[in-house]
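I'd like to ask you about the structure that follows.
Chain nomenclature is as follows: A, B, C, D and E, assigned in order of appearance, with residue numbering initiated at 1 for each chain independently.
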Amino acid sequence: MVGSPVLLIAIPLLAAFLIPLFGMVWKESVRIVPGLVLAYLTYLSASLYIEVINTDTIVEIIAGWRPPWGINLVFSPLTGFLTTIMTFMGFIVWLYSYRFKRNVEFEAAKKYFIFLMLLVAGSVGIVITGDIFNQFVFIEIVGISAYALTAFYTGRDSAEAAFKYLIMGSLSASALLIAIIIIYSQLGTLNMAEIAANIDNMNPYYRIIAMIFFIIGIGVEAEIFPLNGWAPDAYTEAPGPVGGAFSGIVAKAGIYAMVRMMFTLFDIAGPMKILIVIGLITLIVAETSALRQEKLKRMLAYSSIGQMGLVLVAFGMGTKAGVFAALFLMLNHAITKPMLFLSGSFLTFNTTEKYIKQITGMAKKMPVVSIIFVLGALAITGFPPFSGFWSKMAFLSAAADENLLFIMATILIISIFEVVYYFRVINRLFFFEYDDKISVEPHKPGFNGMIALFVLAFIVLMIGFYPSSVTGFIDLAADDLLNTHQYIDKVLQLGQTIIQ
Amino acid sequence: MESVGYYILGVIVTIIVAFMVGMTYMGLSRKITARVQNRKGPPFYQNFIDAFKLASKETAIHHGFMHHAGPAFLMVASIMSVLIIPVLNDGKWFPNLNFDGDLIFLLYIMVFGPLGMALGAGQTGNPNSAIGVTRGLSQMVGFEIPWVMALVALMMQYQTTSLVDLMAVQQTTGWLMFSSPFAFLAAVLAMLGMFRYSPFDIVGAPTELASGPVSENGGKYLFTMMSSGSIFAFAKLTLYVDLFMGGADNLIELLIKTFTIYLIPMLYGMVSPRYRTEQAIRYFWGWPLFFGFLALVHAMVF
Amino acid sequence: MKKAIVIFLLAVFGFFLAVTFLDPDFEAERNHNGVKNFYLDKTVSQLKTANTVTAIVVNFRGFDTLGEVTVLFLAATALGSILFKKRHHIGDRTVLMPASSIVSAGSKLIFPAIILLGAYVFIHGHLTPGGGFQGGTIIATGFLLMLIAYRDFSISHNVLSVIESFAGIGFVTFGLLGFMNGGTFLQNFMGTGVLNDLISGGVIPVIYILVGFKVAAELTGLIYTILHEKG
Amino acid sequence: MDTTELIRIGVYGTSILLILIGLYAVLTKRSLIKIIIGLSIIDGGIHLLLIGIGYIKDGTAPIFSPGSENAVARMVDPVPQALVLTAIVIGFGVTAVALSLVIRLYRHHNTLKIDEIKNLKW
Amino acid sequence: METILTIFIIFIAGATGTYFLGKLSGILRSVIFITTLLVTSWLFFTAVSPDVIIEFEIMGILMSWGLTPLAYVFAIIVFGLAIIIGIYAIKAMEGQRSLNFFFANFLLSVMAMFGILISNDLISFFIFWEIMSWSSYFMVVLNHKDVQRSGITYIIFCVIGAYAMMMAIMIIYSYSGSVMIGDFISNFHAFSLGMKWLLPILLLIGFASKAALMPLHVWAPGAYSNSPMSYTALFSGALSKMGVYGMVIVMIMIVQQIPDGYWIKEVIAWLGGITSAIGTLWAIKQDDAKRMLAYSSVAQLGYIIVGVAIGTPLAMMSGLFLAVMHGIFKSTLFMVVGAIERQTGTSNFTEVTGLIRKMPWTFLAALMSIIALAGIPPLGGFIGKWMLYESLMGSNHYLLIIVIFFSSTAAFLYCYKFLFGFFLGQEEKEWSHVKEAPAMMVVPMIIMAILTFVLGVFPGLILKPINDGMQFLGYVSTDNRFWEMSTIFNDWGNQVVMEPIVYTIFAIFLFFLIFLTLKGYKNTRYVTTKDISSSGEIPREDENLTFITGFMQPFFRAVAPVMKRQIDKYYTSFGKGLEALFDFTRRIYTGNGQTYALYFVIFVILLLMFRDSLF
């Protein structure tokens, strides 16, 4: 036992409370401590994950009360997979921002890193918790950190973005609470496994109503179509790395929550029309909106939303292959989109508007960053031999298994738009002359940021050339998600053995 | 083909005959045209005199290699076609290359010359040459279509691309002129363009431009071109005879048949004013094309 | 027009909500035998905590409370971050009008009582209604009163920050101590004592007191930050 | 219809009404402050709803006083109360952040009208 | 280690080395580049045998690499062209931008093509296909010219094709559980009727997009003319052949198995015919040599596709032979344009004239290639054309042959325009400083020109591997009825014997050339092009007598109605319309937070109302 999943939550919270104290003593610590914490989380998560794969799912109980009564954390191949990605991406974002935030003041930097850490911790919490109300609390932690990070820069429209996010976030929190109320009143429990075990006894009408409110409650974090108005604004106005964190961490947590709810809580077997429909609409609206964006980050944001839609469609197929594809897509997106955000943020460092035209010809000035951006763009649009190709292939293969030709065609057509807008940016970056009048002043990227980018690029290439390095993990995770009974048994039977 | 020597002899004899006949026909055409126009006209051997004069003239200038070699290209095309086309039925004459190339090959080797000459004309730098060339090439696109349609109809109907085979077919079925009338019509109308007599003589435009592609040429160059033209004329006429009139068993029959064919463009030209290039193209893509289609339909049905 | 549409939409939405919640079935199918009885039972028998709600908040669902505390902490930090200015100077208060002497004199009088009440509420969180959150809020109102009454009343941000941090660290540390002693996070590892004694319930009152401190410090900080904000 | 029913419908009905009122404010009021008030009203309605589902007939507070150990059956469900405590605090935190954002927005745009604050769009 | 793997590793190492070491010195870069090409080619031609098959698994999908005899034909094109163009490129690219990137990417392209050819399964086929797509894309935009238009057009059509293909591959995989091309072919009969139609059509869309078949051809002119000429030579010569390669497989192995699949062949053949006609017409109209050759490539690929689509053994052979020939002569022509552009700075006919005496060797290469392109005997182009016509007649395509004949006759017009525009005509003073291109550029061109001739005389050299490839697919019987070393036969047994014909032609040509030269040899002298009898007037030195603007005007007046409709315009307006639509729909995101809240409520209500159908 290398540690306990609860440390994934406890350590960052402890650190968050500690940082202000450290900051009084040694100013640099506010930058370093979060990094250490995130590194430790990554290590912990990865080692737990390996252990989980080799032995069995860890169900951690809290306060010594067995699952139906106490809160429990579930560290399974699925949640472990996601937590590892999230903590790792959190570390990467920290690494990138470490010097990036040097030019802001101490107070601001301190808060930035606290928010970042808690964003990761909250997302991890969403994933590993086994209790719906607890999930709600973590969603709120993520929400408030995200509002604060969005509004981080003063003097921009960031407050506007954060406010929109906040409106949507609190409305969704309300919806989530209503769903929790319905569930609790009908089943008398908040534990996911218990709910899942008893869901068949629930009045079908309330079941559907609860599900609807759940979808809406989580939909804001998962960026599904009519609820994602905040997302492009927030991605655009938040600091560059935070955009990466949103797409790489928060959105993943939202998707996970929604999927866990659909697959486990409500135990829906077979294709889920609702996810497919919502996912497709999200995909279409987002990708077509991205086509004419003038701001780089906004375009990336729409692209990110679109990818989330794609993931939902993949989950909506409800088959093993579909879930596999969805998790693969999530993995790739979690790595590639931050890569794009981070490199894009370097490219547009010296401008606040972040217009695409401002990066005209930047490749001459910042070749390495540009190449990494292109790598990300190629990966996200699914060009082999980069990582995105395999996940897109897995997706199409899953869709073909289900004979969903229409969906395959739609998604491929939408992908054409994706290719178009990414290549427009690549063209601007590489194949236009640098122009002093419109292009921004190049920024010398920091050492730490470059390491972060290189690590991401390496992963993209690794998955691209050798997808089998990750597919085994994804396979286990997909099995885990689909096996609801196993989940229920693991949680509840563990409860039987340890009674205080 | 017993030996190389026999082969070379055949080639030479064929060329000489073609040259003589072609020259004579061209002279006759000038004479007849003059008579129709109520002029006295030159004697029929005038062309020989011209050729002799040109051949003996000293040529002082050339405009570079392509200009220099252009007439040679032209000659290759003429002689090659005359070698491919069987002059008489059943290989009574020298077989030459009758069995080595077929109709498609013939079609292509026939454009070899004009292209070579066009290159030669191009290098002179005379804009009139180039203008003439473009007109000629454009017009060629015009008449080639019905011409090819006619040939394709014949070839597909009789399942062969060999001229010799087509001639052999006519030994049994009679002249293709009658059994495939539409092909014949299309081919004849295309021939009007091929001979570049009025109304399709805008290429040379002898009266306004300094004679189109051949301007800037004189002496040995013009001589070569002229001989080539006469050989080529003979080749074309023989081709028509072979294709549509059952070929000829002996030289006399050949002369009669070819001259009959030759009269068609000549007489048509006498009564027609000149077409502009696009008019000429549209002309070829009118009735000739229609006949070509009919020929294809005919070939399809039978 | 817009209002009409909104009212229509809300009517439809309200209809659905009403159909859901006002339906007798909703009540009839309510599950009364879930976790409730277990909680009530164990609170008395094992945790020896009189206030079941407190037991749930701090122990059974203590993890939620940790999150909740974090949310408050985050809110306080976020406020500081969002209202952060480049040159951060404390001083000018936005409430310019001085309070009347009745208020200022009265608040001096009431302030200790409020603090005392707050402290009482969170110290007795496990016995009576109330607890750390409630007590902390009461204390914060005391500071609010002082801030309104006295223009020059000031609290050191650092002190607030330290209190807040220590309280939070304490919470997590107690959780971790439980983890180390008993095997699970937030486990009640201390002796539970006798029901209805002041010192009973093991870690529950301790944690709730820490929460009280934290909430008091954070709410005061929030108020203080907003009060010093020029609109 | 007995009193329980009436109380139930009263509580649920009120909370639904509060939710709708809050939504109305969020959807129609132009002032940011009023929108936040609307959000708070929605929260209030939901908290009421949450408390409402813990109600049982003739229930008492789930607090043991000496000698009331046997009153377990009459005690209302303590869980919603614990949940609502958490929910309130969270709602409070969100409201605080929202208000601070409003201050920022006012600083930046010099207005509180939500339809005039849309620099970010499309 | 397996030779195939070694070749890949050398390619990747070469590309990396070219890119990074190229920053150190230009010579090093060239050396690495050429060495990579030579070594890989050497390995390929000596050590790769068709029997060796590498199998491995990725994501549970069995993949396999190995060379088939059919692919061998295309591999000859790829490696042959790559070496020759590679040598050419070193000098031709001198002084241009992003050389390291260019050469590295060049190697990547070649590697991708090699990968396509050795792929025995559809997934690795697709992977290499996409690598080829993006590496060629970067070449298209490398010159920073017309990037957002022609580049984006190219990539759009690339991905349209690739995605159609991908969809088909995934359907195949999920239905039959295998992505092996062989398995697909043998399991094809088990597919449902709908799939039997859908799959080949999707695959054909994929291949046709690369082969620039008619409705999917609009990218070609922009892409071909905007990439560096050294790459366009490979692009048009080898890259587009990959589409042909795919089509051959589909046409031979798949379409045969479809009931009534005859119609697919007919439609593709007709599209090919129309492509060639339209491509030719537009080629004539161009004033820029690159665009002309680009359209010409489209037209030539049209012939090839016709041959492949007709699908009789002779037609298939003609298609493949034309593919090889097109690879040779079109690359040469692009190299010629590259040389001219390098020496004069422009590739526009209206600007540069009379280079024949300045660049004689280039002219010779251009002349040979043009003759081959026009299909005039005795050069190689004729063989392909001949076989194509014969096969069209043999398979009773009465009208298609006319369309083909029309476009190949009309091709003379642009052939002449090309030669005339650059090399002939007035030798203006403006261009008197122009020198012949460096030997490193001329020699590859001349080699290619000689190749066209050799293949014209001995078509059997290339027909043999083609025949082997087709035999491997079980497509022709073992007796080689259609070809001997220097003779070709048609379906009816008629023949063309090249050897005596070529000797005769040369004898005649030489005879008359000698006659013309020797007669009056002493007195004949060269005079400049100003010294002409322009209607009796002697032009002044500074008078520009070049006739090139509106070159084929009469012809265009005749075909005006056909030219009026331009498919690019439909695409452009369609694209513009789509973008406008999306610009409108994205206004959903109004920017007003309240609206988003309204969406929230509406979404809730919608879900509540349609809960029965959605859940």
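What to note about this one:
The rule is short, and it goes like this: a contact is a pair of C-beta atoms (placed from the backbone, for glycine too) under 8 Å apart; a residue touches a chain by one contact, two chains touch by 3 or more.
From a predicted model like this one, the values you see are computed outputs, not experimental measurements.
Number of steps on the shortest path from chain B to chain D, with steps defined by chain touch: 2. Seen from the Cα centre of chain A, the chain whose own Cα centre is farthest off is B. By the count of C-beta pairs in contact, the leading chain pair is B-E.
Taking each chain's centre as the mean of its C-alpha atoms, the one that lies farthest from the centre of chain D is B. With centres taken as mean Cα positions, chain E sits 36 Å from chain B.
As a whole-number value, the distance joining the C-alpha centres of chain C and chain E reads 73 Å. With centres defined as mean CA coordinates, chain D is found 29 Å away from chain A. If each chain is reduced to the centroid of its CA atoms, chain A and chain E end up 44 Å from each other. Chain contacts: chain C has residues 6, 9-10, 13, 16, 30, 32, 35-36, 39, 60-61, 64, 67-68, 71, 74-75, 78, 82 touching two or more partner chains.
Not a single residue position of chain B touches two or more of the other chains. Across the assembly, chain A contributes residues 133, 137, 140, 144, 147-148, 151, 154, 159, 162-164, 167, 171, 184-185, 190, 209, 232-233, 289 that each touch 2 or more other chains.
Which chains touch which is summed up as A-C, A-D, A-E, B-E, C-D, C-E, D-E. Within the complex formed with chain E, the residues of chain B that make contact are 11, 58-66, 68-69, 71-73, 75-76, 79-80, 83, 97, 99-102, 104-105, 108-109, 111-112, 115, 118-119, 122-128, 130-131, 133-135, 137-138, 140-142, 144-145, 148-149, 152-153, 155-156, 159-162, 165, 209-210, 215-216, 219-221, 224, 276-278, 281-282, 285, 292, 296, 299-300. Of all residues in chain D, only 19, 26, 32, 35, 39, 42-43, 46, 49-50, 53, 79-80, 83, 86-87, 90-91, 93-94, 97-98, 101-102, 104-105, 108-109, 117-120, 122 touch chain A in the complex they form.
Contact residues on chain A toward chain E in their complex (touch as defined above): 163-164, 167-168, 171-172, 175, 208-209, 211-213, 215-216, 219, 226-227, 229-230, 232-233, 268, 273-274, 277, 285, 288-289, 291-292, 378, 383-385, 389-390, 392-394, 396-397, 399-401, 405, 408-409, 412-413, 415-417, 419-420, 423-424, 427, 430-433, 466-468, 471. On the chain C side of its complex with chain D, the touching residues are 2-3, 6-7, 9-10, 13-14, 17-18, 21-22, 24, 27, 30, 32, 35-37, 39-41, 43-44, 50-53, 55-57, 60-61, 64-65, 67-68, 71-72, 74-76, 78-79, 82-83, 127-129, 131, 133, 195-196, 215, 222, 225-226, 229, 231. Residues of chain D that touch chain C in their complex: 5, 8-9, 12-13, 15-17, 19-20, 23-24, 27-28, 49, 53, 56, 61-66, 69, 72, 75, 77-79, 81-83, 85-86, 88-90, 92-94, 96-97, 99-101, 103-104, 106-107.
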